[in-house]
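Structures incoming, each one as structure tokens.
Paired with subunit B in one complex and with subunit C in the other, subunit A is shared by the two complexes that follow.
Coming up: the complex of A and B.
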């Protein structure tokens, strides 16, 4: 388990210099999500760095998509010393209600490079249609 | 439990096309720890790839830069946009004690792990109390 590292922290002078960094990252909601649509499908993209595929659950029920899971701590040697700890290990859950008809039995999800990509095909009646004028 | 559910719908003006979103530089979240023979730097950088990551190291500075590029297909409309178009950039000062010939980097699960081997002089500076 990692412990919180308060920055800057006084260690010996060499280590104070070592890994000094001016810019601090900003924190935001986890996971950050994009939702897009084209004619046929909604795509949900979630940023899940450091999260294993088996630690993510995707559910769709009554029009609500729920992503949940846990970012677990990674292994470090017992005698390692933490110098900086900005990453957070935590459970997460986010839900999105789709006010559209979708084909819930055809939802698919895949993970690569820390991104979870979920495809939600639109129901036929939800697709935009061009009506030809007779 | 009272679940916080965001309603996803089209509201006028909410749908932006990808090319209207400007790319921004993001400082990736980092962990650093020290072992007997190395410093290990881990950075959260989801959405990039080995080819897009540029690492440079000199005796004073470790620089990380990585493009993310396009995450969505051309012509898609956004219903929610939190990730944005971005590139990652972060730099760390380095002091004595890093062996520049023993630096390794691995990208997996959206996390970049950089292992900086210590010089022999740095290793011997460690005094362990048992």
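Coming up: the complex of A and C.
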């Protein structure tokens, strides 16, 4: 069906879509990841709401950290009626390269409150040093 | 031929994050221009969490994706069938800019409101966090539960 072009109305409906009447969740990559470093470690924080720790795999190989796994759907009773469904269930995989020497045998990971926290200790030689001038 | 309305926010997940970031900036820009006309609550949100709502026989179950949000930073209110969830996702600690390698998580305040289809027992609302998801259970008030009446056939 063709609708006659109506400039003010089209503009309004575009604004409606951008704004208040139809709020949509902010979408980003999944999982969203922050990577920070301090003197001793790199810290990776990945947002994995609703993901069980057994459904996440963390691997480190040749300087590349890979997070993979699956966000599985949760159980809903048969008699329930879905009124809104914005959460997405899916398999995921993301890789990040670390261009520093790290102690790969000392990497640790833990899940809490929907956040996967990975600590990657720097290798001694990669830490910043001051070299005394003789 | 049918015309499909242009929807700039559709299927953002499939886009590279740079474009998502750009979209966010544009929204923010419009946000500032139109601030006077918009409802206060939405203007104060810097991101919007995903929500699932299911209606069961005796209750509504609302789930909100809030990974890394502390329970002390979330406030739930119910006012004449309008459920409002607001709060803030805070950065764990200040990190110097040169020590940030990647920042994809969204921080700041959020707010969402929903009109529930029927009345609930406001004193029996229960909320808890599990795996970064806020679960809110809202038991229906007696008059809004489906009633089953048995009619005997004579």
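Here is the rule we go by: the second predicted complex is superposed on the first by the 111 of 134 C-alpha atoms of A that agree within 3 Å, B and C clash if a C-alpha of one lies under 4 Å from a C-alpha of the other, contacts with A are read in each partner's own complex, and residues count from 1 in each chain.
The rule is short, and it goes like this: a contact is a pair of C-beta atoms (placed from the backbone, for glycine too) under 8 Å apart; a residue touches a chain by one contact, two chains touch by 3 or more.
Please read these numbers as outputs of a predicted model, since none were measured by experiment.
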Report for A:34: first if it touches subunit B alone, second if subunit C alone, otherwise both or neither. both
Between subunit B (first) and subunit C (second), which, if any, makes contact with A:115: first, second, both or neither? both
Which holds for A:49: it touches subunit B only (first), subunit C only (second), both, or neither? both
According to the stated criteria, A:79 is in contact with first (subunit B), second (subunit C), both, or neither; which is it? both
Could you tell me if A:87 is touching subunit B, subunit C, both of them or neither one (first, second, both, neither)? both
When the two structures are overlaid on chain A, which partner does A:96 contact: first (subunit B), second (subunit C), both, or neither? both
If we overlay the two complexes on their shared chain A, which of subunit B and subunit C does A:64 touch? Say first, second, both or neither. first
Subunit A contact set shared between subunit B and subunit C covers 2, 14-15, 17-20, 23-29, 32-38, 42, 45, 47-52, 76-77, 79-87, 96, 113-115
Touch list for subunit C against partner subunit A, complex: 1-3, 5-9, 12-13, 17, 20, 24, 27, 30, 34, 38-39, 42, 47-57, 60-61, 63, 65-70, 92, 95, 99-106, 112, 114, 117, 129, 131-133
As the complex stands, subunit A meets subunit C at residues 1-3, 13-15, 17-20, 23-30, 32-38, 42, 45, 47-52, 76-77, 79-88, 96, 111, 113-115
Which residues of subunit B touch subunit A in the complex? 3-9, 26-36, 39-42, 44-49, 71-73, 75-83, 90-97, 107, 109-111
Quick one: in the complex, what on subunit A touches subunit B? 2, 14-15, 17-29, 32-38, 42-43, 45, 47-52, 64, 66, 74, 76-77, 79-87, 93-100, 113-115
